[in-house]
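Per-chain numbering from 1; labels A, B, C and D assigned in written order.
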Amino acid sequence: MLRLLVTGGTFDKEYDEIGGTLFFKDTHVDEMLRLGRCRVPVAVETVMLLDSLQMTDADRLAIAARCRDCEETAIVITHGTDTMVETAAVVARAVEGKTVVLTGAMVPYAFGSSDGLFNLGSAISFAQVLPAGVWIAMNGTHFRWNEVQKDREAGEFKRLR
Amino acid sequence: MLRLLVTGGTFDKEYDEIGGTLFFKDTHVDEMLRLGRCRVPVAVETVMLLDSLQMTDADRLAIAARCRDCEETAIVITHGTDTMVETAAVVARAVEGKTVVLTGAMVPYAFGSSDGLFNLGSAISFAQVLPAGVWIAMNGTHFRWNEVQKDREAGEFKRLR
Amino acid sequence: MLRLLVTGGTFDKEYDEIGGTLFFKDTHVDEMLRLGRCRVPVAVETVMLLDSLQMTDADRLAIAARCRDCEETAIVITHGTDTMVETAAVVARAVEGKTVVLTGAMVPYAFGSSDGLFNLGSAISFAQVLPAGVWIAMNGTHFRWNEVQKDREAGEFKRLR
Amino acid sequence: MLRLLVTGGTFDKEYDEIGGTLFFKDTHVDEMLRLGRCRVPVAVETVMLLDSLQMTDADRLAIAARCRDCEETAIVITHGTDTMVETAAVVARAVEGKTVVLTGAMVPYAFGSSDGLFNLGSAISFAQVLPAGVWIAMNGTHFRWNEVQKDREAGEFKRLR
């Protein structure tokens, strides 16, 4: 059994056709797992639905606490890309002996041409086979939490040397 | 560097609007890697474009030969689901010291609501971290080639015994 | 109030992921009207779900009877393109004083890149403003039932001279 | 021959994955006409790419001038919905003897589940058969420019009594 903690991010944003803005309603993770015909047992839990630029220290601690306290030892976290690395660091300080994989998307799943489904398949796979530790799975690659940063201009994650 | 061998399957089928039938034109793998913002270097090579029910022994041997002869030690094969396990067995007899991951889709990528992108993210991830051997990555899971079969009625892959 | 008679055709076909074939389950017209934010009152009625190559004379008479007997004077029929012109002729002999517009699609709506939504918007619009008679609305154009044929090689409808 | 004037609006917005905002790059109208297998000859011309809340009087006069000066007598304008009615009024004062149909979308075409394709099919159809005058085609309906307003809370167009 794998636990999937939803925290928001571009991944789950939708278009509000009345206001013409982006917003959160519900997570799309269940629909995405159905679309991917995923048969790995996954317990999906929405911890929060936030743009990661708006996450506070308290939010990150709450996410880390859920990782530590849940029963499962394989965990995927969907998260906004802008502060994914910061949250990974907080989780790494709080959790031991578990494989935690953070992932996200550059384009909302609801917009039809998203990287979200690819990243979800990637994160769920890495979570089952990587050793204990905190990882980021983006762009088809896995990075240890302390060897990666987001290149905001390129919109991708890069290994620190 | 990862090598991706395209062999066809539902994954790459398209709708022929003149004849009202399904057919192969080109692979969609490059477009899918772009959509997934994949930054892992992947050498994509179309070996054949076949419905896996029409594959012959010679076809399977040709696939196995490409796995053996290419430079890369991490290989993903996109393949029809119906005889994926048969091809995996042929590859297993021919290849040593490489991680080969077969994947596919239940619905064509071109039809908009496919499991293909999820499976591709999954297969590329498993190919980077699983030990040498021949694996099948479907439904979010990885199976050794000799411990899985397709349940045709359910349309999913299941572990033997 | 406009009546929409569903008869099948490529428009409503779906992909059967177990058998790898195309089939009919339910019409997608209600979903398409919702997607199009259509606010014209439309009474949707499924008369049959058939590939139009399999329609019999009795089927065409049944469609014509529904056109004649329903209350509405503006009617849209979704229909396979291959014999759309034949059905239009049968309807033209049976119905007077009503505007009947047949439409269809070259690609199933369920496949994501369909002409169906465009054609549905077109047919519903023509049905509200064209004079009484039987019309075919395809490719953005309207044709009287007796001045059009399908060019099967090009996959489009062309005016007879 | 029909002229289609592109002015922007939600219809043509895209998602900027670096900034996480909506923006204009190019119009999607050509792709949409291809998808709809439209065979009506349409001359597509991008006049501007603006959110209609940002349109000035000068912009509206420029649009009206293009309607008046072009050769065609059947014209479709794609336009943001928020001030579509204001532009329609300006066009109505400037143009005589032509059928001008304004349309738009509540959801960007690029987001996959848009009303844009339905509305485009509708507008192109109405432009071919409605009498000279300025019309708005939204929600499957046509309205004279001076008998309609947008209900911003409901996100739809309603007839003034």
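The definition used in the following text is that a residue touches a chain if its C-beta (ideal position, glycine included) is under 8 Å from a C-beta of that chain, and two chains touch if they have at least 3 such contacts.
On a predicted model such as this, the values are computed, not experimentally measured, just so you know.
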item	value
Residue-number overlap at the subunit A/subunit B interface, same or different (half cut)	same
Subunit B and subunit D: spacing of chain centres that average the CA atoms, whole Å	44
Whole-Å gap between the CA centroids of subunit A and subunit B	26
Distance between chain centroids, defined by C-alpha means - subunit A, subunit D (Å)	39
Contacts with 2+ other chains: residues of subunit B	106, 112-113, 155
Topology of the chain contact graph, where touching chains are joined (line, ring, star, complete, other)	ring
Of all residues in subunit A, those that touch subunit B in their complex	32-33, 35-40, 106, 112-115, 117-126, 128-130, 137-142, 155-157
Interfacial residue positions of subunit B with respect to subunit C in the complex	10, 15, 17-18, 20, 22, 106-108, 110-113, 152-153, 155
